[in-house]
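Each of the two complexes below includes chain A, the first together with chain B, the second together with chain C.
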Partner chain A sequence: MPTWPKESKFISKNIRRIDGPAKVTGSAKYTSDVQPEGCLYGMILRSRWPAARITRINLDKARQVAGFRAAVLVREGERRVRYYGEELAAVACATKQACQDALRAIEVEAVPLPFVVREEDAIRTDSPRVWDDSPNLSKAGLRERGDVTKALADSAVVVEGFFSTPVQVHHPLETHGNTASWTDEELTVWSSTQGIFSVRDGLAGNLNLEQNKIRVISEYMGGGFGAKFGPGVEGALAARLSRAAKAPVKLMLTRFDQSLAVGNRPSSYQKIKLGAAADGKLLAFELDAYGTAGIGSGGSTEGGGGGAEFPAPYIYQIPNIRVSHRGVTVNAGSARAFRAPGHPQASFGMESILDELAVKLNIDPVELRILNDPFEIRRKEYQLGAERFGWKEKYRKPGSSPGSIKTGVGCAGAMWGGGGGGTQAEAQVNPDGAIEIRCGTQDLGTGTKTVIAAIGADLLGLTPDQIAVRIGDTRFPPSGGSGGSTTAASVSPAVHNTCQRVLEELQKVSGMSDVRGENWKSACKKLGVNPLVVPGKWVEGLSSSGVGGVQFAEVEVDTQTGFVKVKKITCVQDCGLVVSRLTCESQVNGGIIMGIGYALYEERVMDRASGMLLNPNFETYKLPGLADVPEIDIVLLDMPERGVIGIGEPVTIPTASAIANAVANALGVRIGSLPVTPAKILAALDKSKATA
Partner chain B sequence: MNKPDCSSKPSGSVSRRNFLKTIGTTAVAGAAAQAESIAAELQKVDAEKIQGPGPVPITLTVNGKKHDLELEPRVTLLDALRNFLNSTGAKEVCDRGTCGACTVLIDGKPVYACMQLAIESQGCSITTVEALAQGNRLSKIQQAFIEEDALMCGYCTPGFLMSATALLQRQPKPTADDVRHACAGNVCRCGTHPRVLKAILKTAGVEITQKTEVIRYADLA
Partner chain C sequence: MKPFSYATALTPESARELAGQEGAYLAGGNDLLGLMKESILAPKLLVNIKPIPGFNAIEQTARSWILGATTTLAQIENHAGLRQAFPGLHQAVAEVGSLQIRNVATIGGNLAQHSRCWYFRHRDLVCWKKGGDTCLAREGENRYHSIFTGCACISPVVSNLSVVLAALGATVHVRRGDQTLKWSINELYAQAWDDPSAHHSLGSGDLILKIEIPADSRRSAYLQASEKAQFDWALVSCAASAQVDQGRFSRSRIVLGAVAPAPYQVNEANQMLDGQAVDEALAAQVADRLLRDATPVAHNQYKVAIAKALVVRTLLLLRS
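On to the complex of A and B.
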């Protein structure tokens, strides 16, 4: 069984991101920066109707626009559109300005149809159907264990609550997009993607091309968060435009397009009943939930994992449960996998009701969690985190903080898989000692390139800068999509295996017993003129899956304005072997900050009257900024004996729950609906005053 | 961000005339003095050459180098840089002045390149992220961004670097709040903020430590 080195120079250390220099100098070429010779600009015409029958699309006037080169329809003939922003056609022109003119010149004839964009409207039986042959509210998916009714009756305490989470939009800063160049020989696509092979295979199916006729490249990409696996409608359109125009076409979505049509996190509405014994042991859990994944609700969603269901009762084991989930279809863009699909929703409902129970039982919320948590690592994380955070000193009875600016604390836990598999890699060792490690994975900004360099350097006795890391090309050995926090655990063992084989081969060729470090160059010299190319693949024993993770939040809430200031987040996260400490900690920061957005700011707002999305850009869809970021205390719980495990997702799960619990602790009133906005806080305070 | 006034900027504005005319015809109830000044302005503008809507010669000075271009007057500075000069360091993220990824320096001031027309940027000195390093030598702030891992996907990074560079030029010893203020117009989705703050302060000689620790699980009780 292979093992990770006991002593290492680079693994688990603070090594600098190897593509840092390219990214700080502007020389890193992202998909949006790639401009092959003669490259045209592409743009998509989208539906102005939330629901309509499109009877005719006339491209004639668009063809008259100066600079026009090609146009394609998404679909020929009459068709239905089911949301504002659905793709109708695309144009390729010499400039962006010509594209804008051409889009304006396209004539669309449509018969508008009734629509429904909000969940609470869509579940009513008299609301318009999004799909003619099925109701908007799907049949309930039921899960039952034990006897909930009896267990609730037997419980010493029962708490009930209603919780909701909004549709959250991914908003990677680089929008979805591709630069496609389709020649007689092959189709080359530079793609901003989390899965170069899934883009290749998706295009092959869509365009009826053989897989060996398509090359997908993604050397640098500006974020994905789960929304960028397939080629999407926009990928196929870019390729078709390139074929029609006989020139490369760059088609990057606008921020508006990004908001409308390429994925989001489904909403959730959760009615929860939780029963417990007097000592706090959980006995019964009942959930009746619905949520929307847009027009795709109830059906399959591109990218997978984008449905409205979520794991319940999340991380807790409760003997008696009854869980009911229903999807609600609305006239809005579909969900896609979004960083830890389902988990933040699940966490919010469960951790909120758990704090209500703690208050009712007069038990410390941390104690209540430790009592009911089946995962030993997480129980220890609660203890460690509580001590670091100063929980005992900071926690007080809800609403008992004096003054108009109230402080409060909250906590929450998470779980995730993060295991790996299936990746291949290869190394080319050149006679001058220069080495290149190639792997068909992609770096979303998580530090995959750096992880490969650190492992290669450690195993070969070199330094990271001596290793040329080549990724993001379907001509390299295959790796899976970067989702589910699987990349590090998939790629690292494959690189380990490749390097071990390099050492074996090089020992054979050179006749030297140790070719590492200072012997490296002389060993490589013995290769003669031909470089040595060695394949490797993912092997058992170097990675595993299953992590916990807990977070603590401290907030200040101004009861006069409703403004929430997050003061501090403490995060304790187990992550197997820490491969690259600096980039690992950066991901933890990132998960927490995205969680702050989910807690306080982010929400897709649909307009009931027009069916339009009201906040399709950053002036209205608010993301956390530098001034919103609190002190963040990170503890990485190192377990090298478990091998590599991914952590991109677990770290974003509990943040919003912990913050919402802290707000409830500060106010003595719970806001059961994310995002926790000043308006909701002031309304809740007014209501509690009125009933007091 | 205020648009800098570049003194040598040619006065060939496109829409000012129509704008003034609209005011002139609609401001029926306007004060006489105001109407007079509008008339005077109109006269002035009438004397100017009307440019566009087709391509017009535009000269941009980017990173010390002059570029003669033929651009439609509606082309933004960002579009000119990225799509006509192949200078792709400044990124297009929102294209409406809400994210800061396209921040460049115009005569030393940080400006959203998507919110200014190329034609308005003539006669100005435009600096992009590509000019921060001297050859292979990175600037201090670039170096600090790498050391502190103040970037992940890197798409917002050029914008943050330009805001930071401008801040440090006008205020070599900023406080943490100064940094927060200077970067208030820059959006990041990966969550690099704590390390951006740390890197900028480090460049100014202020070390702050983010509390992070690696603890072996096996060492826990």
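On to the complex of A and C.
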């Protein structure tokens, strides 16, 4: 069984991101930077109707626009559109301006149809149907264990609540997009993607092309968060435009496009009943939930995917449960996997009701969690985190903080699977000692290249800057999509295996017993003229799956203006062997900042009357800025014996729940609806004053 | 964006001549270019007014401070004399956008900027302000809209500077035809109350020349509440000025922003302060009077509470 080195110079250490200089100097080429000779721009015509029958699309006038080179329809003939922003056609032109002019010149004839964009409207039986053959509200996916009715009746305490989370839109800083170049019936695509092979295979299917005729490249990319696995409609359009125009076409979505059609986290509306014994042991959990994934429904009870369902009850052990999930279709862009699909919604409902229970039972919220948490590592994390955060000193009775600006604290936990597999890699060792490690994975910005360099350097006795890391090309040995927090756990063992085999081969060829470190160059010299190329693959024993993670939040709430300032987040997270400490912590920072957005700012705002999205930009779709980011204290549990486990997703799950709990603790009033805005805070305070 | 010509003006007169009725003045461009990109405006000609000599000058005379129309917000923010004379102005400027925006945004542009209403800004929606016949926000998503809603369009003025300049009793010099008009801030926005298609009283071709702020011994203060800590619009903003002698206020003004099409003040509220030693109780009474006639819509009731809190805080800040 292979093992990780006991002593290492680079693994688990603070090494600098190897592509940092390229990124800050701008020499790193992202998809939007790729500019093949003669490259045209592509843009997409979208539906202006939230629902309509499209009877005719006339491209004639677009063809007259100066600079026009090609146009394609998404679909021939009459068709239906089901949301504002659905793709109709695309044009390729010499300039972006010409594209805009051409789009404006396209004539679309449509018969508008009734639509519904809000969940609360869509579930009414008299609402227009999004899909003719099925009701907007799906059948309930039911799951039962034990006897909930009896357990609730037997409970010493029962708390009830209604919680909601908004549709969160996928807004990676680099929008979705591709540059497609079609030559001699071969297609090269530079893609902003989380899965170069899934883009290749998706395009092969779309275009009826053999997989070996397509090459997908993604050397650098600016974030995906679950929305960038396939080529998408926009990727297929870029390729079709390139074929039609006989020239490379760059089609990057605008921020407006990005807001409409390439994914989001489904909303959730959760009615929860939780019963417990007097000592706080949880006995019964009842959930009646619905949410929308846009035009996709998703009504099953399994977690994951892009559906509206989520894992429930979240984390904590409860013997008697009854869970009902329903999906609601609305005329809006459909959901996609979004960083820890389902989990932030699940966490928000569960952790909120748990704090209500803690208050009612007069039990410390941390102790209540430890009492009911079946996962040993997380119990330890709660203890460690509470100590580090100063929970005992900071936690006060809800609403008891003096003055008009109140402070509060809250906590919440997470779980995630992760794990890895299915990755191959290869190393090319050159006679001068220069080495290149190649792997068909992609770096979402998480530090995959640095991870590869750190492992290579440690195992070969070199330094990270001596390892040339090549990734993001389907001509390299295959790896899976970067999702589910699986990249590090998939790639690291494959690189480990490759390097072990390099050492073995090099020992054989050179006849030297130790080829590492200072012997490396002299061993390589013995290769003669031909470089040594060694394949490797993922092997058992170097990675695992299944993590916990807890977070503590401290907030300040201005009870007169409703303004929430997050003062501090403490995060305790396990992820097995920490490969690259700085990039790992960087992912934790990113997950927490994303969670702050979910807690306080982000929300897709749909206009009921027009069916249109009202906030398709960063002015009104608000994201945390630097001034909104608090002190973040990160504790990574070093558990090298577990091997490599991914960290991308768990760290964003509990943030919003912890912040919302902290706000409730500050105010003595709970805002059961994300985002927690000044409007909601002031309304809740107003209501509590009126009933007091 | 539609094709346009571009010209550079070296005098206010040539700027006006060049712009005619169909041109637009380009200063910082933050608002104008956004409107053009969304095809809300399509001027035939852009007249760059930044090179006009002295147009971005900050001058101090015996009786006033004079700020040229293209003075950038960063210039104002970093000007020690202005900061000392008008702390409220400094604070209002510092809250605008981001540093990058303040580096190019001008005082004239900040005052003349158009509505941020998300219905108005939407490329596929038509409301009063775009030649339509309805306010889509009134029955729609109006959390960020006005709470004084007796007018046809309920999108509020969002210029931070308009609020503090109203409190400071500033005069805006506007060239219209051969005349130079001297408008109060009230007059600059009067038309927005009556005409739902208007953002202010400036007609096509009208050019803001400078802003004159009386240099007297009044104190000033500005506060705003937003959802985010920085780089966010005010949900409500508030500015106040008064002469304070041993705790007693005189020549007081208290103004609210982002609650009405124009900076909102009530003479009676101002008068309640004059001659008084302002304390929290009086400040709260003034706040109640200012908000007395508020008629919030479905989703912005909360703004009334914020406005009241800001009035009290701003007045107490002024006293301190």
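Keep in mind that, in the parts below, the second predicted complex is superposed on the first by the 685 of 692 C-alpha atoms of A that agree within 3 Å, B and C clash if a C-alpha of one lies under 4 Å from a C-alpha of the other, contacts with A are read in each partner's own complex, and residues count from 1 in each chain.
Basically, a contact is a pair of C-beta atoms (placed from the backbone, for glycine too) under 8 Å apart; a residue touches a chain by one contact, two chains touch by 3 or more.
None of these values were measured; they are calculated from a predicted model.
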Thinking of the overlay built on chain A, is A:Y220 touched by chain B (first), by chain C (second), by both, or by neither?
first
So, A:G562: does it touch chain B (first), chain C (second), both, or neither?
second
Of the two partner chains, chain B (first) and chain C (second), which one does A:K29 touch, if any: first, second, both, or neither?
first
Kindly classify A:Q466 by the partners it touches after superposition: chain B alone (first), chain C alone (second), both, or neither?
neither
Which partner, once the models are overlaid, touches more of chain A's residues, chain C or chain B?
B
Considering only touches as defined above, state whether A:A627 meets chain B (first), chain C (second), both or neither.
both
Touching A:Q97, do we find chain B (first), chain C (second), both, or neither?
both
Considering only the touch criterion stated at the top, classify A:H171 as touching first (chain B), second (chain C), both, or neither.
first
Touch check for A:E619: first (chain B), second (chain C), both, or neither?
both
Overlap of the chain B and chain C footprints on chain A, residue-wise?
97, 619, 624-627
Complex contacts: residues of chain A adjacent to chain B:
12, 16-17, 19-21, 23-30, 32-33, 35, 41, 95-97, 171-175, 220-223, 225, 252, 254-255, 377, 380, 384, 444-447, 574, 578, 581-583, 585-587, 589-594, 617-619, 623-627, 629, 631-639, 641
Going by the contact rule set out above, which residues of chain B touch chain A in the complex?
72, 74-75, 79, 82-83, 86-96, 98-99, 101, 128-130, 132-133, 138, 142, 145-147, 149, 151-158, 161, 179-181, 183-184, 186-197, 210-218, 220
So in the complex, which bits of chain C are touching chain A?
1, 116, 118-119, 122-125, 136, 139-141, 143-144, 225-233, 235, 299-302, 305-306, 309-310, 313
Touching residues on chain A, where the partner in the complex is chain C:
48, 84, 97, 100, 256, 558, 560-563, 565, 600-601, 605, 607-610, 612, 614-615, 619-620, 622, 624-628, 677-679, 682-683, 686
